[in-house]
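Per-chain residue numbering starts at 1, and chain names A, B, C, D, E, F, G and H are given in the order in which the chains are listed.
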Amino acid sequence: MTRRLMEGSEAMAEAAIAAGCRFFAGYPMTPFTELLEHFAAKLPDEGGTCVNAESELEAVGMAWGACATGFRAATGSTGQGLSLMQESLSEMTRAELPLVVFNMSRGQSDYFQATRGGGHGDYRHLVLAPIDVTEAIEHVQTAFHLAEKWRNPVLIYGDYLLAHTAEAVEVAPLELDQLPETDWAVDGTRSGTGNPRNVNSIGMIPGIKGIDPETFWKRLQAKHDAIAESEARFESESTEDAEVLVVAFGSMARFARHVVRELRGEGIRVGYFRPVTLWPFPSDALRAAAEGVQRVAVLEQNAGQMIDDVRLSVLGAAPVSAIGGISSDEAGFGVGPLLDVDRIRGRVEAALETGGGER
Amino acid sequence: MEREILLTGIGGQGVQLAAEVLARAATREQRHVMTLGTYGGTMRGGNTDACIVIADTAISTPPLVSRAWAGFGMHPRYWEPVSEKLRPSGVAALNSSLFAEFDGAREDVTPLRVDTDALATEADAPMGGALVLAAAFSAATVLVTFDSLVEAMNEALPPYRRQHAEANTRALHAGWAAVETPITDAWNPGATT
Amino acid sequence: MTTIRGTVVIAEERCKGCELCVPACPPDVLRMSERRNEIGARVPELLAGCTGCGACLLACPDFCFEVYRYEAPQEHMPGGDA
Amino acid sequence: MSDTIRTDAPPEAAARRTGEFLPKLQLTGDHDLCPGCGEPLAVRTLLEAITDVGMTHQCVGVIGIGCYTALTSNMNVDLIQALHGRAPSLATGAKRMRPDTLFFTLQGDGDMASEGLQEVIHTAARGENVTCILINNGVFGETGGHMTATTVLGQRTKNSIEGRDADYHGYPIDMMAMLAPLGGTAYAARGTVHDAKGVARTRRMVRRAFETQLRGDGFSIVEILTMCPTGWFIPTAEGPGYLDEVLRSVHGTGEWKRDGELLTQAAVPPGDDEDLLA
Amino acid sequence: MTTIRGTVVIAEERCKGCELCVPACPPDVLRMSERRNEIGARVPELLAGCTGCGACLLACPDFCFEVYRYEAPQEHMPGGDA
Amino acid sequence: MTRRLMEGSEAMAEAAIAAGCRFFAGYPMTPFTELLEHFAAKLPDEGGTCVNAESELEAVGMAWGACATGFRAATGSTGQGLSLMQESLSEMTRAELPLVVFNMSRGQSDYFQATRGGGHGDYRHLVLAPIDVTEAIEHVQTAFHLAEKWRNPVLIYGDYLLAHTAEAVEVAPLELDQLPETDWAVDGTRSGTGNPRNVNSIGMIPGIKGIDPETFWKRLQAKHDAIAESEARFESESTEDAEVLVVAFGSMARFARHVVRELRGEGIRVGYFRPVTLWPFPSDALRAAAEGVQRVAVLEQNAGQMIDDVRLSVLGAAPVSAIGGISSDEAGFGVGPLLDVDRIRGRVEAALETGGGER
Amino acid sequence: MSDTIRTDAPPEAAARRTGEFLPKLQLTGDHDLCPGCGEPLAVRTLLEAITDVGMTHQCVGVIGIGCYTALTSNMNVDLIQALHGRAPSLATGAKRMRPDTLFFTLQGDGDMASEGLQEVIHTAARGENVTCILINNGVFGETGGHMTATTVLGQRTKNSIEGRDADYHGYPIDMMAMLAPLGGTAYAARGTVHDAKGVARTRRMVRRAFETQLRGDGFSIVEILTMCPTGWFIPTAEGPGYLDEVLRSVHGTGEWKRDGELLTQAAVPPGDDEDLLA
Amino acid sequence: MEREILLTGIGGQGVQLAAEVLARAATREQRHVMTLGTYGGTMRGGNTDACIVIADTAISTPPLVSRAWAGFGMHPRYWEPVSEKLRPSGVAALNSSLFAEFDGAREDVTPLRVDTDALATEADAPMGGALVLAAAFSAATVLVTFDSLVEAMNEALPPYRRQHAEANTRALHAGWAAVETPITDAWNPGATT
């Protein structure tokens, strides 16, 4: 095995291509820019296409078109750019298109948008939140797989640290189940047959006047229920006899896990739980992990978003409190002072002291 | 063994390239490596920092460390927070052209002073100060070999910077040659001179 | 001996050494010096012959120039100072 | 009445059927668009032109949102339904992946010139090898007849019932004038369906746009002026005349760019103006 | 007596009574009848003199016309049927 | 008092103008279109301006500009259009601009978007959900007041029924506290003074290089906490001895309330609770109302969104179940078969039968 | 060196100060933009022109997102910070409410021609009485020098390091050619800051654009070509020459529309080209 | 007293205008009024329905009712769901030009059959069928006065439809005149004839 030093952006682009991604479109924005650059550099050699779109609205539209013709396609952005894509993400989910979206977020404050959908209507897309570059390489491949398996967009939730941290890694192709042939895409060959296809989000069927959105959307809801049942993933450590359970995702989890290991090394009873999928949220696993703890301490780099899902999982069985918060560098890229092992350790220790006391 | 190195300088000094070269060199030597560059504010003006972790085994620490084995200072303006994070008996590699005197607060770390400006100018690599220091630092800590550094530098240059390869090599050479004996052995600390 | 109709004040501390002022000067009386400012930038210097035209002011992205026109043209002897 | 000829069955005397109810690529004729609407006519020309260029089984449409969207269930064509305004980007991504398939967008003026103006301009500037079909009736028909970015001065709409006024409502955008000069545009033409000759010419324009795409020459666009009696608040029978007098006086018909060359004067596409069904 | 070179079939059930076909017909042989179809629309009727030109087909937004050209022109006597 | 028959759209436009709204921009979309039409018809006579924008992105931008100059301004849309505005709503919230937004939603499936913010970053805007035209007239006035009081956008969450139902009503101006003079807007008069203003979302301050988003955003979070503390509103009926508490908002609440009244009329112990503000959600009041009930039945016209907030309020104290669901007419405008008193009554009765049984 | 003249203090001999470090409407000269960047020069002309037309205390800027955004903290002007691409709409809403105030937008080519192309075109077509200032360096400077919708063929950028190629990257949009013909556009001109004369002319253009706005004649725009040595990957000193040769050969400078009249040939704005500081 | 009326027809028949006229007329007469029009699918094709609630006191019922006092049918295609919702001893006002025979399923409601097409044509108001029926229905149920209907109709016309005012008045007149005696008294049911 030879590891190569790759920043997260490069590793993710390579993993995507290894997973069969052949189309990418994006618009530069820190810290997403390098992902676009790596796709632009690498895709043409694999017979793929990368378009430097003139805006995020156009980027997601291009990816939509590529997806609809049956090719694995992706886009991405950050912050404002992701917001601009919400209309399309909602509709693409309902058009059942297997898009992969890279949100290289500025911090973790897009949790609600990622997990509830910032767009209109009832829809959900899967969200994978890798903890480091090594896991990101797996997640990207898993994302394309799940997207196609469920015909549903999948979002990779990363951040500045994930995109820019370089690690010595290897992009090893994952072993994944064989998926059935794509039979829903349009390639033009059904035209003129009397039985064409129409890829749409509201239940239009060629030859049938009018639409029936209720039936169509209820079927989607059932699909989303099935995804929720089967695709939740998590990682946990040292939960057995923990007094305080630290819950964190993505880069913050990397800090949390390190702190928990440090404290456990000193014999202190803290546990660690990480939702690997943010949607579906691993509620059952978290409820189980939280059993018997005195406090659940939620470490997220925002004003308090995932804490809703933690509370919805624990449902009053233990007090849940926030030990993270808003934290930013001067440029607003999300590399704030909270990202510090000592500082986080201090907060976990404070939670240990409070125990089951204050709520 | 986990070796954390914190680099700091100001925009345009080449600190990011130096960090990448060190990290790539260590990768070539089969170590586990993680590195992250950060900028104060934007890419223009302000500080330019980086963190490198090189280890024998898989790395658990996050890419922004609270404590480090070595500091690498190209400019004193943002040196203090780096200095505070150094472990006792760590190493401080300093661009003595700008660090007039060593930061007295940390008498428990071993300084390595390199007149990078002079060496770089001498080597006809005026933009290569950070590479001079990186090479000197590597030589002084037995962190990576000279060959790895040169190969890593070539790997790190984007196509539109290829023309700098030769000057960079000269800079690395100047830094490496400036160290007579190592001050410590990163991977074999018992063998410290 | 050179006639000097104007002169400039240069805010050296703001200069970034881009060199744009040098070719902008019609009588070619600006050149880069060997001096460096705090941030390490080489700064320009003025030779005799300024006309006070203001081209340097318009060309400098860092607002380093203030321009004056003498009430009466000055004469500059090489080796002396205006 | 005895003066009339039976029209409920094919003729008994020997005759050749020269015109069918439906184009080959249309599934049914039944639709919910208003009486006197020009959009079904525009769609007819489009579908016929696909067959004309021999791409009946190798074409994909990307559909905007407007009244014409309701016509897509009648179309015997593989389709992608876009969001309002976004069709050109979808077509871009799709065509890049399937360069041998004929791709067209079908959009209204609200869709293309209002909500999605940027999309079509960038697509044209990039020289994407797709064909955009703009159905221009100068109104958002679907929402009840409001002014769009192409509504001509003096045109009646729900929010310019006395006619669009430049000072109050601003000026219309001439999409041909805007798109034709772009470097990536290879073919640009504006047709009309307010009379039979216009329909026949429009079909020839669409055909040429498709030929442009099939040659790989870059972006092509055909704008088609259509009647919207509902949105213009006039009787259906007055639609064609109103289109001719009001819309067409500003949005002149003809070819604007051909083979990548800008034409100084809009030209009629070559072909037989007399044999309407060819 | 009128020469009839073509004829049309009209799908009356689809007609919406918009009247666009009437002025579209070059020989002016279409006119609105008093007949109404299921949805209450008045439908057009054909007088003698059709040339089979297809203008009606191109003008009708509801796909109501099918057009035929006779192999040999027919003659129509007023009061008779073609 | 003379009542006039006005559809909700007209009444809301009149109420907005009565509240001092002088700018509106929008882009037509069912069922929001008529609101735009009424503003367009009425504003010019009051010296105001209504722009028929070419897209929702441009509409919200125009309203942003008008707002920033210190005038009361509004925009609105539905579904896709609201999604397109999310980028701006996030930033305008952070720029502390008192925009009022009318979401004439297609059904109730934008609850998450409205209450969590569909855009990027940490932000919240107030959401008022009127139950009928009469209340909408009050809410619109309250909305402009709260927006200015808190310098924060306020969203009016309506739907097809609210926009299109005509009622015989009177637009009576509300008595509201006097607000201090606007001192944050830009009108150009500070230019050249050495002390100009910069209306922005990231903490830029004239004369100071760089920004400090962390401080700025933390201050915003504190403001949002203060709003959450003080502005939650609710309506309830017959909660005292209720076995089943029906929770619903907006138009669905009108059905729920009617059904609860019918059932109470028959002596059946059901209660009714309506969040009047969706954010802040009246959690404390709901927790109190749910005390002692056997079941909380959530009636919402979507796949299950407000139910999260209900669960977060009740926190396991009683079983919470959904008795609503996706429901749509053929056009997708949200006027589905669920909007039926008998049908809803049936579901409430079923909940009564289940009682505290199944969870 | 004795040959040099002292430049660290005002002259001792009697002299008139004819040029100050900073325009009246600028707070400080210190900024973080790159050495050799042309954007501060464009902003200087803008600020001076405001004073020229006497609106020093009655002006508001709406700012896009790009490198120039960092310059706004130096500006002694009431400002609204817009999102990337959206400034013209904000200016529209603001100007409608405060018709007596001078409104301008400050946007880059990425901001105006890429992300926000639609906004500026619609604003122009509506004939909004605002002035848009476009700083065109042909790159997204802020994100590291990527190609934009105006990058000219042959231009070096991070993703066209060998120069933009039409077949691969598409064609640049000529913003003057696109905006000047619109009905609502009253004034359109393109200037440059690659030399002192260009800066002086640009200031006159901006002045005329503002005069157009103050007369209530409708939309006005001034595009300003600026150097971005960082995004072009060239030494700072080569910036002006590169701009002149590469950018300006496609994006020609001069007035394109004046008093609502399209000019067939781009014209120099009237004024004294020799007295640079006037 | 709460009077719910459900109207149904197909696109273009003028049902929405009729509903608005009834609701405005009742509003003029100081009643509490609520009305909602709904369309099957889009505005083109499909059914066009409306619901009106008129009451003496504030209205609690939502704008889509499950049960109604009266039905108003201009076209039989979508009549059935309306018919099912009628309360026993309710009223069914029907356009007899298209309702060939009365829907037998509801013998417990009182029919009012009006040949609207004929009356409208006669009144030279060919598009005014629904107004004919509305006036007849009002006369037959003493729901609102004729003057209120005419004023309400004028109020309801948008500026671009003003030219229809006269024809509409004729249509209202024709419908009103077609009823000789009321079949019930909406506000005084005891007084039912």
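Everything that follows uses one rule, which is that contacts are C-beta pairs under 8 Å (C-beta built on N, C-alpha and C of every residue); 3 or more make two chains touch, one makes a residue touch a chain.
As the structure is a prediction and not an experimental result, all values here were calculated from the model.
Undergrad: Using C-alpha centres only, name the chain that sits farthest from chain F.
TA: When every chain centre is compared against chain F, the largest gap points to C.
Undergrad: Relative to chain A, which chain's C-alpha centre is the most remote?
TA: Ranked by distance of C-alpha centres from chain A, the top chain is E.
Undergrad: Name whichever of B-G and C-G has more C-beta pairs touching across its two chains.
TA: C-G
Undergrad: Averaging only over C-alpha atoms, locate the centres of chain E and chain H and give their separation in whole Å.
TA: Whole-Å distance between the two chain centres: 39.
Undergrad: Would you kindly tell me how far, in whole Å, the mean C-alpha position of chain C lies from that of chain A?
TA: 57
Undergrad: Counting in whole Å, what is the centre-to-centre distance of chain A and chain B, each centre being its mean C-alpha position?
TA: The answer is 35 Å.
Undergrad: Counting only residues that touch at least two other chains, what does the list for chain B look like?
TA: Touching at least two other chains: 41-42, 46.
Undergrad: Touching two or more other chains, which residues of chain A qualify?
TA: 54-55, 80, 87, 91, 202, 210, 329-331
Undergrad: Spell out, as numbers or ranges, the residues of chain G touching 2 or more other chains.
TA: 30-34, 70, 83, 114, 116-118, 122, 144, 149, 169
Undergrad: In the complex, go through chain A and note every residue touching chain B.
TA: The contact residues of chain A facing chain B are 3-5, 161, 164-168, 251, 254-255, 257-258, 261, 329-331, 335, 339-343.
Undergrad: For the complex, which residues does chain F have touching chain G?
TA: These residues of chain F touch chain G: 22-23, 25, 49, 51, 53-55, 57-69, 71, 73, 87-88, 91, 95, 186-194, 196-202, 204-210.
Undergrad: Along chain D, where are the residues that touch chain F in the complex?
TA: Going through chain D, the ones touching chain F are 83-85, 114-117, 140, 143-144, 146-149, 158-159, 169.
Undergrad: Which part of chain H faces chain F closely enough to touch in the complex?
TA: It comes out as residues 20, 23-24, 26-27, 30-42, 46, 59-66.
Undergrad: In their complex, what parts of chain H are in touch with chain D?
TA: 41-46, 159-160
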